[in-house]
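Given below, in the form of structure tokens, are the structures.
In the two complexes that follow, chain A is the common piece, with chain B as its partner first and chain C second.
Let's turn to the complex of A and B:
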């Protein structure tokens, strides 16, 4: 499984280059990849249907419990198949939608990367693996939303999505870690069956809160729903793929994945029902207020996500089954509708509902697809959406509030369904919309496939999807015995009555939509206090605050930086000294002064006199030379105490410093006193404080001579194991080689930073 | 700074310095020395060259190669042609080549590339262990010893990476500063 993901990442990385080579045939490898992945996952179907979970493990950092562990159970497989199948269609669709775009390779890079990340999310067993892939989906979503980077709107929306879901990502890591601490396992497989332990644990509440935050931000639950409609700034294939069928369902997936571990407490169920219910209502109401096709679809998606969360919140066996059926049917019809909306946008150049009339004549296939999908959305008999809707009603029958919510969202869905099919495609009477061009095969085939899928799965509901969904619901409920029987026709039950009522109400809502819309404009001023406005206010506040703070902290004066570092360091030292209160035996230290040699004294006085001279001098050249003298004296000390490597380095660095100073000498401005006298005293005080503190700490360290085993170990192992007699160097390049690698990387990065600063020419108006 | 004695002396001293810095790099495993110190010595060699001659001439002398090429005449076989090009670029270099027939390419080794190569060497020296299924940066040594250089192993490669990185960094600094 690892290699299937790696191949995707590889292909993604190659996409821009492939575009140069293959031109418009770039689509071939990009479609082939999800196709192969789909087939690959299909091979797991028999095994998973028998109730086994496929587990594969690759060690990564086993010491920290970070491994690449993949686990394919019913739930994962359902998602993996969905993701790869959608991947095929969306990749194909995108090639026509963005035809001739010079950055198409880059688009495919992001999209493939996203697909791989999403597959990683659903198949990861290790929490760290899940987190990495989860973040990768956020990042690729950011890149995809901001794909039209010339639009300010797209950039802002991309930022928003990244910040909101990124916030969730941080919470996810914390929540999962708490969960791992509670259960003692870093894998979901290990956590399964520990429900009792988790529920009793003190970490339960914080862990649930954090994980809910993560899932709610990702799946656009109230009050974090606002990023999803804004994310519609992305190209339509992205909206169809990420923001209706897959990525936003990652939150739902995780909630479902954790249901057998976390559910069972009042808090879990109530918060899910509350958030989900609110989201479902708000999405349903807002969906009917927009004219933009994509906005309407986005809000119905939010509403559907809310329903899914509500079902998880109800948590009964039946609700979980309903959740999975609805999830599948929603993915099929919502994907179709998004793709059709994209086709309309592509062909007619507008997505405005009021400007689109009687399109069916000119785009028959798209119209058919949209109609099929809308029927499924509205919940009409032979479609999968009907089965899903019936089950939703049945699951929420026990609770009247839930029933009301389901009814309301069902009504909105039915109204939107009529809007998306009859209103724009088939209603005669008005002048038909002019087309720029007719859609080609790649634009209408994918939605048609999806919509037909919704119909076929509905007709064959008891055969095809039932087995897979049964495996999935077993994984969600944690009960390996659970049966899932699906049937298209349940007979004349109250639920059927509710279904019909929904359709009727939907029709009414559609008919009275214009007048309803006028009524709700009254509440528009409320949006100023909505989460979206709040987000922008917070964002501005944050920018303003950080600007002020940075201007104060990083004021461009080197002396301030040095001062801050010293003060902070002193603070840390003071804190440690105050906490540990080590005693210093000064008597003994003074006694040691007898051992001072003459040459040590000479160097000591040399340094002191150089320092005193340095403070009085007004010539820059003199101060450089004297600084060099001090450095060389330090190096002499190293030699005297037997550290030739350090001494050599010090000598060379001093030499280089002096030479570079000399090189720059004539470019520096004349030497003048700018500092106020008072400030000078302040600096002296800080310097004395720092020096005194360091001396004190050094004396302390010497007093408590550390009896380290390391010295002996390195002394021995250096030649035996690392073939070198110079212990310092052997430690640097072999024993602690990774540290050195990190250091030189830092060195290289710092060097690049310095050069870009040196290149700046502030007099010419360059800004950093 | 640009006295004639200094400039002449530096012309001969710089290669010596460089050889010395390589020596320091190689002996680092058993005696004081190593990549960092070696890199510093090597860069000091160039720093003095820049001081004495200016950065342009340092670049010309050490970091820029002019390569000559020409189209293949019909009566030459490809190996012959390659040989001719090779000889024209190495031991039979002329000060001036006949112009329309010969084209020249200037290949310049930028200090940033030196840094990048160094970092790459250092990072890739750890990969050898990884490919053998051991943790990253597990060292690997050749059995036989080579005179002067001593035993070869991945730590030496790592040290060479450090050497190049330090060298490239100081070079870049010096070139940027002296150009302004």
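Let's turn to the complex of A and C:
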């Protein structure tokens, strides 16, 4: 399984190069890959149907429990087949939809990458593997939405989708880790059967919250639904593949995968039902007030995802079965409708409902596909959608609120179904839309195949899908004995009545749609407070806030930077002192003051008073002299404490500095009053804080006697090994001679710099 | 004196820091020099003070006799002082150049000049 995924990634990476070699025949290898994958997964069907899970393990980082563990059970297999089958059709469709696009190779790269990532999501058993693939789907979705990168709209939508699903990805990682800590297992199969442990664990609530956040952002549940309609800026094959059939179902998949582990608490069921129900209603209502075909389909997708989540929330055996059947039928008909919408857009150049009339005459096959899909969407016998709808009703019969939600969404679906087939394809009377060109085979075959699939699976419902769905529902419920019997005809039951009622209501909704829409537009002002507007506000606020913050922090004044560094340094020192709390023996130190000799005291006060004088002086010459005085005093201290060489150097350097100063003084700026009083106090405070801390640190260090082995070593070896009596000099020129060479180099570089600065003359045409 | 030296070095640090934070170019150089001096003395104090014995082996001995000062900090200091001097000299000349080019003695004005260009 790993190699199948790796081959996909390899082919994806090669796609742009292949385009150069193969030209328009690039489509052949790109279609062949999902086809091969589909066949590959088909081979597992018998094994999985018998109730066994295919497990493959590759060790990766065994020490951390991160392994590539793949596990194919009923649920995974259902998704894997769906993904690879859709992949075949979408790859084929895209080659016609984007024909002649010079970036087609790159498009295939993203699309194949996505397909592989999605397969990874559904087959991963290890939580880390799942996370990696999950994020990969977000990233490839970002790239695909932003495929038309010249469009600002597409870029904003791509960014939005990435941010929202990325937020979910972070939550997912945290949630899964909490779950792993609670169960002690890094694999889903290891977590199975630990439901009781998880429910009792203190991590249960935070883990569920985080995982729900991840699934709701991915599957566009209220209030995170806003990114999905915007994501329709992507090319239509992408919308059909990612944003209706597969990627948005990753959240549903994960919820289903975790149902046997996390379900059972009131919180889980209630929050799923609440979010799912709200999403279903909002999607259904919003779907009816758009004219853009893709927007309508996007909102019905949101609504359908809401229904799926609701079913998971109900969580009864029947609801889980209904969820899976509806999921399959939805993928088939919604994919078809998206592809047809893309064909219309491609041929007629518009997706606006009001401009499309009587298309059936010119695009028979697409029209047929759309009609078949719409009938399935509306829930008409003998389509798979009918079976799905019946089961949804059956599952929500117990609760009137749920029943209302299902009825409302069913009505909206039926209305949209009529809209998508009769309204734009077959209604006569108005002048027909002009076509730029007629769609070719690759544009109408894939939707036709999907739509026919919906019909065939409906007719053969008790044979073909039932077994596979049974294996899937066993995986979702965690009950290996569960039976799933599907039949097209249940007889005259209340549910059939509800189905008919839905169709009737859908027809009514379709007929009164124009007037309904006028009423609904009354809520448009509310959009300003909707999640989408909120997202953009937050985004702007964040940008604005970070700009302000950066401008405040990095204001271009060296002073401020020095100040920040100093404050941070002092903070670190304070922290260390507070943490280690070394005691300072003050009495001992005061006692030591008795040993101070008079001449030392004189130098000390000389330096202090010189510094005070320096602060107040306004004359450059005076300050240079005072600086010299301070430097010489420092040198005296070196002499007093046994460092004659250092002192000599200090004397020399000090003299040189004074000389340079005096030589250049007439070219240096004169003093004028510059700083504000308040600033001055701030600087004084920081300076005093810093000086005080350094004093304290020195006093502390002095208490600890430094016992240096190096001192012993150099004391012994200096004369014996290097034949020098002055140990300091011996170290500099012998033991560490290379360092001294480096030092000389530094001085030489400085001298070069000084020389060039002095010779540089911008007025004469040199560059400053 | 072991107690007074830290006080003095602390004061040197404080005054040097204050001058570095100043926006007058000349004072910034003074601050740099004072800060360098303070750092050197800081190293010296931290390295341990030995009164009366320099790190020199007297004429008739083969090895150094106690008390003798630790030679390692001194060697470090020598290097530090010399390199510090390089930096001082360079910064003095640099500031002279800046002053002659921008005709300003205020660090903040350099930013404004940048914005004009």
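To be clear about the criterion, the second predicted complex is superposed on the first by the 556 of 768 C-alpha atoms of A that agree within 3 Å, B and C clash if a C-alpha of one lies under 4 Å from a C-alpha of the other, contacts with A are read in each partner's own complex, and residues count from 1 in each chain.
Everything that follows uses one rule, which is that contacts are C-beta pairs under 8 Å (C-beta built on N, C-alpha and C of every residue); 3 or more make two chains touch, one makes a residue touch a chain.
As the structure is a computational prediction, the values presented were derived from the model and not from experiment.
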Contacts of A:653 with chain B and chain C, given as first, second, both or neither: both
Touching partner for A:556 - first (chain B), second (chain C), both, neither: second
Contacts of A:95 with chain B and chain C, given as first, second, both or neither: neither
In the superposition, chain B vs chain C on chain A residues touched: C
First, second, both or neither for A:745, with chain B first and chain C second: first
Which superposed partner A:723 touches (first chain B, second chain C, both, neither): first
Touching partner for A:470 - first (chain B), second (chain C), both, neither: neither
Which of chain B and chain C A:661 touches, first, second, both or neither: second
Which of chain B and chain C A:734 touches, first, second, both or neither: first
Touched partner set for A:409, first chain B, second chain C, both or neither: neither
Contacts on chain A seen with chain B and repeated with chain C across the two complexes: 644-645, 649, 653, 656, 660, 664, 667, 725-726, 728, 732, 740, 747, 751, 754, 758
Chain A residues touching chain C - in the complex, by the definition given at the top: 556-559, 562-563, 566, 589-590, 592-593, 595-597, 600-601, 604, 607-608, 611, 614-615, 620, 623, 627, 630-631, 634, 637-638, 640-646, 649-650, 653, 656-657, 660-661, 664, 667-672, 674-675, 683-684, 686-688, 690-692, 694-695, 698-699, 701-702, 705-706, 708, 710-711, 714-716, 718-720, 725-728, 731-732, 736, 739-740, 743, 746-747, 749-751, 753-754, 757-758, 760, 762, 768
Chain C to chain A touching residues, read off their complex: 1-15, 17-18, 20-27, 30, 33-34, 37-38, 40-42, 44-59, 61-64, 68-72, 74-75, 77-79, 81-90, 92-97, 99-101, 104-108, 111, 114
Residue ranges of chain A touching chain B (in the complex, touch as defined): 644-645, 648-649, 652-653, 655-656, 659-660, 662-664, 667, 722-726, 728-730, 732-734, 737-738, 740-741, 744-745, 747-748, 751-752, 754-755, 758-759
In the complex with chain A, residue positions of chain B that touch it: 28-37, 40-41, 43-44, 47-48, 50-51, 112, 115-116, 118-119, 122-123, 126, 136-137, 139, 141, 151, 153, 155, 158-159, 161-162, 165-166, 169-170, 172-174, 176-178, 180
